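What follows is a set of structures for review.
Both complexes shown next keep chain A, but they swap its partner, so chain B is in the first and chain C is in the second.
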Partner chain A sequence: MTTTVLESRPRQRMPWPALGVAALVVALFASVFVGAADITVWDVLTGGLSEAHRVYLVEARLPRTAAAALAGASLAIAGLLMQLLTRNRFVEPSTAGTVESAGLGLVVVAILAPGAPIVIKMIVAMVFALAGTALFLACIRRVAVSDSFIVPLIGIMLGSVVGAVAAFLALSRDLLQMLNAWMLADFSAVLAGRYELLWLVAVLGVLAYVTADRFTVAGLGEDVATGLGLDHRTVVALGMSIVAAVAAVVVVTVGALPLLGLVVPNVVSRLVGDDARRGLPLVALLGAVTVLVCDMVGRSLPGLLAGGSAGAGEIPVGTLVGIIGGAVFLAMMLRGVRNG
Partner chain B sequence: MNRFPKIVAAAAALALTGGALTACGSSDAQSGGAEGEGPTRVVLTSHAAADTLDELDLEDRVVGLPKTGVFPDALDTYASDEYADVGSLKEPKMDVIAELGPDLILFGARTEAMEPEFAKISDQVIAGDPDTSDTVASNRAKVEEIAALFGVQDEAAEQLDEIDEKVAETRAKAENAGTALVLMTSGGKVTAYGPGTRFDIIFNELGMESAGDVAAEGRHGAPLSWEQIAELDPEHVFVIDRDAAIGAEGEAASALLDNPLFNRTAAAANDNVHMLDGQNWYLVGGGLGVLDAMIAEIDSAVS
Partner chain C sequence: MAEASILVTPPDRFSGIRTRAESDRRRRRLVAIVCAAVAVATLAALVLTGLPETVGSRAWHYSLDRLTRHAVAIVLVAMAVGVSTVLFQTVTGNRILTPALMGFDSLYLLIQTMFVFFMVPRPEAIAGGLISGGLSGFLGQTALMVVASTALYLWLLGGRRTDIHLLLLVGVVFGVFFRSISSFFQRLLDPAAYLQVQDAMFASFRGVQLDVLVACGLIVAAGLVVVAALGRRLDVMLLGRDPAVALGVNHRRVTIVVLVVVSFLVSASTALIGPVMFFGLIVANAAYALLGTTLHRFTLPVASLLGVIALAGGEMVLGALGVESALSIVIEFVGGLLFLFLLLTNRAR
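Up next is the complex of A and B:
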């Protein structure tokens, strides 16, 4: 224990927020200039931009960059909130049944009200996500677990059950391919006019930041929080509503980014500790940077491997995020086992 | 005993006059007769084979085929309840098929893995779909194989030769028509198909030049961004609206394609974006009549 404290001191003096902002600026910049067409900074600065390239920038690359940053930041925040409220480092929307529940909601809308406007889809997905998360919370409360690994396992099992119901419904109505698209983020279809609802999560992120202190206190446990004069139930309800809303909006607009909300807050908490108000902006920054980088790799790697061909396609960003998330999740589990 | 060859001859003659002129001569449905040679209780899970039997006036040999989900317009001969519904194209109901007591099962590519199950139900089990790596040639082989079972090879040969002629005609035009890309839209997303994919017929056999090295792996195509599609700049785009084909909810392909990036392609600028018949291309994909219609679609696109 002593070594941890000694180690963490010099780390905390690092100017993490400044580094985070710098990384985000670089990632945003790179994301705008990476793509099938060769658009250079020089062209933009000197006004030598061709009409085709101007269209690519305005209609595709800027929206795509914004979408990646928004989805990454908001899902990372959602992960942080869930971890604080469940007091468990392994919980995030995809290990608590939240994402699968949102997917089930989308399948239900597609069956009951095909052609419903996207806002209706989003609201239904949100209600399902909220119900799924509430079910998860009820489950872990009833089980009264002492082992922190059991909690995400319960969540993953719950998610599998909900996901199986969604897949069954989808299969019988030929919606499986659509369900798969929702369950794996892919920014290749993002264009101006097709992603703007994602800005809603920016509002939710600000809301989370404003109320951050309450989540920190709630993270101390129900008894302590109540002792400090906090209405624990209301804070949990608020936090879970934010989480469900973020998950629903992201799944509906671009698809799920599995385990992102697990990796990012854990990395940040190693750097600056568990204060939500301090950690939250960093979590948002790192979440955005991670997704931006994964998306850039996903959109350029197949082309590079195929020798610069524009027809090589893309690797969905959800796949890359999932691979990284899975590796980190495993490493955390193994480390936890060793320390425990 | 002597009546049978006459009936077969009469059926062949009827089909030669009727079937040769129209691609889908299904009105003379009664003439085939269940009295000819060959299997009399056929169950299908292949839409292409269903189409072929219809074209060869053998539809009354059919006792069941998949009708759950979207049932292609090209197969409306089988719409009546005389033909039992054996489930969906992907998930046939084995109990229903077993109850029908088929003496021949022609299974589709989507139920390939169930061949051993079919073999327990019927003595004769044959793959009915053409192979997408050489659709025209393997469609010919399939049709000949099916026709031989019923002793109607001559009639089949006539129609097959006609298809080959049309392939040659279309190919001559397509080779000079410029580059092409096949796009499938589903759930608001777009994927591309080039040579070596399930729509290889457009490139390999009908002779369109591919707009680029489109990745060939995967049944659901290569996920391209709109920028990549704009950079490939195809002169012809063939569109298959998967959601419309399978009757699922989804944004119409035309609305999805109407964006500033796609509109920059030569195909969009020159009005060379061709909507293909999704049922024919996605659900049926072959057969004596439907393949003919598919070739005609490409032919009119490059004419």
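Up next is the complex of A and C:
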């Protein structure tokens, strides 16, 4: 499957983990200092920061950077897990109905218990996401695994059916605007006190790393995995729970980031192969860097286009991730066909 | 006439036979007639229930005019969507493909957004109605969509046969891609202009202008003339590429002609009322199931009639429930379920 130029060379000459960490540090640093309020590194180091800037930095800029990095890393990991467990390179939470199911959960809880605290909303969204993912798995069990394009298609259609139910409910209760705002990822509303639940996905990421070898084995198929002494069912259930939890937490706190979990693991597996324990940290790093960069571009591009005038608005990060992810995905599919 | 129907249903020639072929034909004719009657009844009901009680008053005339345009718009859209979907499925040899699935609705949204973004930077021009409803707006959008969609279809479908699922997935991803670009530009719009785009996102039959209806009617009529000229060659296309070529049909040329006609029909209907994703999938497959045949002289009219019934009936039912604007959502729900059913039961090829 990964017939790239890289494989014909002797492998692992490039120090990918070091490069990844370096890229993440640069991206984090840039994300803190790029943007509307001109905060310079010099001011921070010398303590010459005005009080307004200090508040802005702590209340808005740092939370935003952390949220972007956490959401990107965790969604990329979720994508990798799904691809291993379904043995299909084109599957991720937004092509398996998981994200739309979480959205349906949000609408249901908004109708039944409008005043519920965010933790309750998240738990309901998570339950719906899990149910949606289970439905997806039940559906794809009925089709041949060999046909790699039909599995994501089923997931996308399942997502649009679930999304239609959510939209209908939302429309009848005047919640459509809220639903749309929820589903489009945008970090501009992320402030201190509104993103901390995302640290939960960091825990889930560590859990995924600890159990990574099991997912690699599970990715060999049910028969092989069982033959190697793995409880395939339990591992699949664990993996899908992690995926559903990550998707729900990210949708509730920032919104959907389409195709991110699909593109990042595919790029990484072309670089270092399919070993989850080896690939997982890189997937997390690249996911975080991608979202950080997209967020920075979305923050500064409208201003540049509008000739540097302030108040030109922001491009939501979900949009940029969708554009880049869509382009990479198309290239991947069409190239895979030409090579195969 | 006779030789083509033998071609398409060869078993009839050998066993059992004339009587069965005859009864099949009678049944299909009956289905078509019943569909036509129900379609007319639904349209009449839609118009009559909308009229105020005092016959002949000014309000009555006003409502009659508005509802007639509404009904004509429904007929035009049903014809354009039904015919284009059946034709699209014929040339692609597949029952789950529709133009809408190939990223068409989001292409429409993108063009609409671009229109607002580049053509109408000033609020005065927005008030002029170039974007929604006006004849120049309609023609401009149709022309742009015809060019863009023809290019897309010919690139994806004109060349070698590829995996149908790959094709679909590429179309769906194009959808995500176009939608992301649209939302990129929507973010840069001022609120007044954004409202114009938002209006275009949901299909609506209300308030269509007369000149736009006439223009759309002409495009649909021209498309139907081309389809009629292709005649029985369409049925032969159903056999697949090699048999069709062996029977003397220029497969490539017919494919291209059909794709261009489909582009025109879908562009015109989408520019008229907005995107109705999945709608063609529902009516085309319902027509195949009711008729038990894929002969175009039955499927094309019956799919269109079913479209009229579904649109007019759907509007009335949802209107009675008080959620009129939900029609496109309901279509997406039913269409998505049907699509999944077709995929999972492997009727895809």
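Going forward, the second predicted complex is superposed on the first by the 327 of 340 C-alpha atoms of A that agree within 3 Å, B and C clash if a C-alpha of one lies under 4 Å from a C-alpha of the other, contacts with A are read in each partner's own complex, and residues count from 1 in each chain.
In the analysis below, contacts are C-beta pairs under 8 Å (C-beta built on N, C-alpha and C of every residue); 3 or more make two chains touch, one makes a residue touch a chain.
Just so you know, these numbers come straight off a predicted model, no measurement behind them.
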Clash-or-fit label for the pair chain B, chain C on chain A: clash
First (chain B), second (chain C), both or neither touched by A:Ala110: first
Per-residue touch tally on chain A - higher for chain B or for chain C: C
Touched partner set for A:Met333, first chain B, second chain C, both or neither: second
Partner chain in contact with A:Ser50 - chain B first, chain C second, else both or neither: neither
Touching partner for A:Thr234 - first (chain B), second (chain C), both, neither: neither
Partner chain in contact with A:Val165 - chain B first, chain C second, else both or neither: second
Partner chain in contact with A:Arg61 - chain B first, chain C second, else both or neither: first
Contacts of A:Pro316 with chain B and chain C, given as first, second, both or neither: both
Overlapping contact positions on chain A, where the chain C interface meets the chain B interface: 302, 306, 312-314, 316
Complex interface listing, chain A residues touching chain C: 90, 139, 142-143, 147, 149-150, 152-154, 156-158, 160-161, 163-165, 167-168, 171-172, 184, 258-259, 302, 305-306, 312-316, 318-323, 325-327, 329-330, 333-334, 337
Footprint of chain A on chain C - complex, ascending: 162-163, 165-166, 168-170, 172-174, 176-177, 179-181, 183-184, 187-188, 323, 325-326, 329-330, 332-333, 336-337, 339-340, 343-344, 346, 348
Chain B to chain A touching residues, read off their complex: 69-70, 186-190, 192, 194, 210-215, 220, 222-228, 230-232, 242, 246-250, 259-261, 264
For the chain A and chain B complex, residues of the former touching the latter: 35-37, 52, 55-56, 59-61, 110, 114-115, 173-175, 177-178, 181, 186, 188-189, 191-194, 299, 302, 306, 309-314, 316
